[in-house]
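First chain written, first letter: the chains are A, B and C, and each begins at residue 1.
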Amino acid sequence: MSSREVTILVPFMVIAVCWAMARWETRRFHDASEKSFFERNGRALGLTFIALVGFWVVVLVALPYLYMVVESFHPTLRPTDRGGSNDTLTFAQYKSFAKEPTGNGYNTTHMTALAFSLLASVTVTVINLCICYPLAYYMAQVGTPARIRLITLGLVAPYWVNEILRMFSLRLLLATGGLINSLLIAAGIIESPIDFIGMNVGLYVGLSYAYLLVMIFPLYNALESLDKNQIEAARDLGAPWWRIHKDVVIPYAKPGFASGCTMVFMFSAGALAAPQFLGGPHTLWFTSVIYNFFFQAFNWPRGSAYAFILLAVCIALVMLMLRLFKVSLGETTK
Amino acid sequence: MSAGVELDHITVRFGDFTAVRDATLDIKGGEFFSFLGPSGCGKTTILRTVSGFLEPSEGAVRIGGQDMAGIGPNKRPTALIFQNLALFPLMSVAENITYGLKVRGVSKAARQKKADDLLEMVALKGQGNKQISELSGGQKQRVAIARALAVQPQVLLLDEPLSALDLKLRQHMRNELRQIQHMVGITFIYITHDQGEALTMSDRVAVMTDGVIHQVADGRTLYDEPATSFVASFVGENNPFPGTVTKAEGEFAVVETGFGPLRGRNPQGLKPGARAVLFVRPESARLGPGENGAAFQSTVRSVAFEGNMSHVFLEGAGKKEVIVTVSRNTSAHAIPGEGTRATVSYHPRYGLVLPEEKLARE
Amino acid sequence: MKSKTFLSAMFGFYIFLFFAYLFAPIIVMAITAFNTPNYPQAYPFEGFTLEWFTKLYNDRAMMEGLQNSFVIGFCVVALTVPIGLAASIVMTQIYRRARGLYYLVTISPLLTPGVIIGISTVIFWKDMLSVNDITKATFYHGMVLATLGQASFISAYCMLIFMARLARFDRAQEEAALDLGASHPQVFWHILLPFMKPALLAAIVIAFLASFENYNTTTFAILADSTLVTVLAGQVRQGTTPALSALGVIIISLSLVGATTYEVLKRREQRQVGQAQQLAKTAERSEVAM
C-alpha cells in the first residue's frame, strides 16, 4: 500500500532535514562550543541514546498518529475489500460527522455529543479551579511545611486507589440505592431517591474528582513562587483580601492557571471511565461514541476520523483560551 | 615526566563572539606558568582548549611536541583542577583520588597504596574513608590536587583553585602549591585574576584581556617593563597620564598631558604625534620639587595612612586620582594636609611612555 | 479582628468539605467491603464479614488480569526507563533551536487523550505486523500492544523525572572524570547513574504504577487479553459484589504501608546528611584556627 510507505518516510525525512540544518549552521561559524553529539557521549552511548529516543518518538508516537490520520481518510470497507480498488482516500468519514452517511439530515446526535463533551469539560475545569484555588493558595502562602506535607499526603492518598474503583465508589455514594440517598431517606429529608446519575450530577462529580490533583499542583507551583512581600505590600496599602487576589495574586499565577486548566480540560474531554460508569443513560459522551465505533461497529476509519476531530477541536480550544488570556505555550509547560 | 605546551595561533570562537584571538606562546616543561587577567578575558577558554574540552576554531595545541587536534580530554596527558573542584560526592576521599587509576584498570591493592602515598603528600594522612561532604574547603582542595596527580599527568591545569578560600587559607595554599610543584616537577598552568597569586607563585605570567595576550614575562619584568598600557595599569597600581607625544629623542620622549609636558622613557620608540600614556608608579613619585618636565602641581584630596606607608590622593587631570606612596621613613611634616597645593615629581627614568589603547583603563 | 476569625472559620469549613469530598467515596467503599449484603452497601451496616476477601482471591478472571498487569508493568518499566533516561540526556544536548520542537513532540503523548493513543497503537501495529503471518502470530497480542501503547506516554513521565534530576547535575563532574582518563561508558556508569539513582527509583515506581492502573489506552490496546483494570471495568459495568470493595481496601493498605516505609527511609537519610554537615563544620573551624 503506497500510503503506508509514504507515512513511514515522513518522520525520517523531517529528522534528516533538521540534522542537516544543524550541521550546516555549526560548519558556517566554526563554532568551538558545539562539540558533536558523538564526541560528548562516545560512539556506543551516543548510538544507544539515539536508537532509544528514535524508537520512542518515531515508532511509538509519530508513526501511530500519522497512521491513524491516514486511516481516517479511508472509507469503511469490509476486511476483504481493504487494499482493493474501492480503497481510495476520501473525506467521507469526516463528512459523516456533520451529515448522516445514510439518509438525510444532519448528524445531530454526534454533533451534540461533541458539544456536550466540550461544554461539560469546560464546566468541570471551572468547578475544579474554584474548588482548588483556595487550598492551593493556602498551601503556597500560608501553611507551615509540616502542614503542607500532611495536606499533600491527604491529597495524594485517595488516588492510590484505582480510577475504576474510585468511580465505583462514587457510584456507591450517588446511585439511587446508594449511600447518600439512603441517608437522606432515613433522615426523612426526602421521600424518594434523587436520581443523581440520571441528572448527570454523577458525571460532573466523577470528572471533577478524577482531576482535582491535576489542577491543584500547577496552581500550587505557580502560587508558591509569588513573593509574600508583594501581598504584604498590597495589604499595607489598604487593599481588601478580594482585591489582593484579583490584582496581585491571580495575574502572577496566570501560567499556573493556564497549565492546570489546560490539563483538566484535555483529560476531561478525553475521559472514558467517568462517562461510562457515572454518565446518565440519556447522555452521550463523545469519547464513548469513538469507543463504540471501535468495539461495536468495528468501523475503524470512522472511529479514527472522530478521534482526530476530538483532538483537533481540543487543541484549537486550548490555543484559543491561551491567546485570550495572553499566556504563551512555553509558560504553561513549566 | 613533564611536557611543554605550545599554543600556535589559537583562535576560539563561539558563534559571533571571539573568546581568544590568535594566542601564541610556548610554555616550557616543568614551568609554573600563569594566565592573569580580569573576568571574561579568555583565560578559562584557553585552559579548556588545552585540556581538550574545546577544539580551537583555528590554530593548534601541541603538548610535548604532539599535535592534540581531535584528541579528547580523556586521552590527553593533562589533568584539570576545576574551579568548583568537581569532586565526586558519592565516592569517598580515597575513591576520588584513585578514580583515574580505577578507569585504567589498576588493581585494588595498587590503588590503595597510591591513595595512601598521595594522602600523605597532601597532608591528609588517614582520611581516606571520609565522605566529601565531611571535608572543609581546604581539605577538598587537597583531595582535588591529589586526584589530579594520581594519574601522573605531564601538565597540571588549575582553574582559579583558590578563589573560594578565605584569605589566610589562600596564603597557606599558595605556598603548598608551589612546594608540590617543585616536588613533582611537572608543568603547572595556573589561571587567576589575582595578581598577588600570579606574581608570587609563577615562573612566568601571561597577561590577557579581551581574548588577547598582552605580554608574557616573569613578575619583575611585567612590573618594571610592561609592554602595553593594559599591563601597566593592571599589574600593580599605576598613575596614567594620557596625551600626545611632542618630542622623541633617544631613550626618552615628552608627552603633552593634562598636566603639561612630562618626560619618560620611550622603550617602544613612539614618534611625535602618537597618542600615548605616560605611566609613573606611586612609589616612584615624590612630593616636592623636581626637574623641569618631570613635575607638576595638584591639590591633595585625601591621605590614607596604612602603617608602614601612606597613600596621598591628589586631583588628577581626568577621572582617576593621582596616587603618591610615601614611606614612613620620610618625615611626617612632608605630607601636606587635605586641600593644599603640592608639587608631584619623579625621576624621568621611572616614567614610562606606552601607546594608548582603546581598551586601556583610566 | 472579627473578619479574620470569620475568614479562618470559613476556611476551616472549606478544608473540611474538601477533604470530605476527597475521602468520602474511599471510606464508603471500605465500609462496604466488610458488610454482609451481596451488593455493595454501606448503610445500613448489617454484619461484619471477611468473605469478600476470599471471594476475591477465588475470582479467576481477576487473578489472570492481575498477573497480566504485573507482566505488562515490568515490560513497560524495562522499556520506558531507558528511553526516558536517553531522552532526558538528549534534551540537554540537542541543538538549541530544535529543543522546543523536541520538547513538544516528547510531551505530546501526555496531553493526548489516552483513547487516541490506544486507537493509533492498534491501527499502526496491526498494519505493521500483518506483513507476514509469523510476525502477526507472535507479536499481535493485547499484552504487546498494551505495552507499546502505554510506553508512548509513560516514557514521557520518566523523561520529566530524569530531567528534573539531571538539571541539578554538576557537569563538571563528568568533565573531571573524562579528564582523569575515563571512557564515555565509564563516565556514564560511574558518575551519571549513581547520581541519578533517586530519580531511577522514582521513575521505576511511577512507571509501574502508571502502567498498572492505566485504563483509557489499555482498553483499546489489550484486544483479547485483559488486565486487572479491564476486568474491574467489566465487573463494574455488569454489577458486582463487594469483592471489588475488598480489592480497594487491599490497595489502600498496601499504599499506606508503602508511604510509611518511604517516610521512614527519608527521615533516616536526612539524619545522615545532617551528621555529615556537622563533621564538615568542625573541620572548617579547626582549619581556620591554624
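In this section, a contact is a pair of C-beta atoms (placed from the backbone, for glycine too) under 8 Å apart; a residue touches a chain by one contact, two chains touch by 3 or more.
Remember, predicted model here, so these are calculated numbers, not experimental data.
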Which of A-C and B-C has more C-beta pairs touching across its chains: A-C
Chain nearest the overall Cα centroid: C
For chain A paired with chain B, centre-to-centre distance based on mean C-alpha positions, whole Å: 59
Length of the line joining the C-alpha centres of chain A and chain C, rounded to whole Å: 18
Distance between chain centroids, defined by C-alpha means - chain B, chain C (Å): 55
Residue numbers of chain B (touch at least two other chains): 53, 72
Shared-contact residues (touching 2 or more other chains) in chain C: 183
Multi-chain contact sites of chain A, meaning residues that touch two or more partners: none
Footprint of chain C on chain A - complex, ascending: 4, 18, 22, 34, 37, 40-42, 44-45, 48-50, 52-53, 55-57, 60-65, 67-68, 71, 131, 134-135, 138, 153-155, 157-158, 160-173, 177, 179, 182-183, 186, 209, 212, 241, 262-263, 266-267, 269-273, 276-277, 287, 290-291, 294, 300, 303-304, 307-308, 310-311, 314, 330, 333
Interface residues, chain B side, partner chain C - complex: 51-53, 72-75, 78-80, 82, 84, 86-88, 90, 99-100, 102-104, 130-131, 133-139, 147-148, 150-151, 166, 168-169, 172
Contact set on chain C toward chain B in their complex: 170, 172-173, 175-183, 186, 190-191, 194-195, 273, 276-277, 279-280, 283-284, 286-288, 290
Residue ranges of chain C touching chain A (in the complex, touch as defined): 7, 11, 14-15, 18-19, 21-26, 28-29, 32, 40-44, 82-83, 86-87, 89-90, 93, 95, 97-98, 100-101, 103, 105-109, 111-117, 119-121, 123-125, 127, 148, 151-152, 155, 183-185, 188, 213, 215-216, 219-220, 228-229, 232-233, 236-237, 240, 244-245, 247-248, 251-252, 255-256, 259
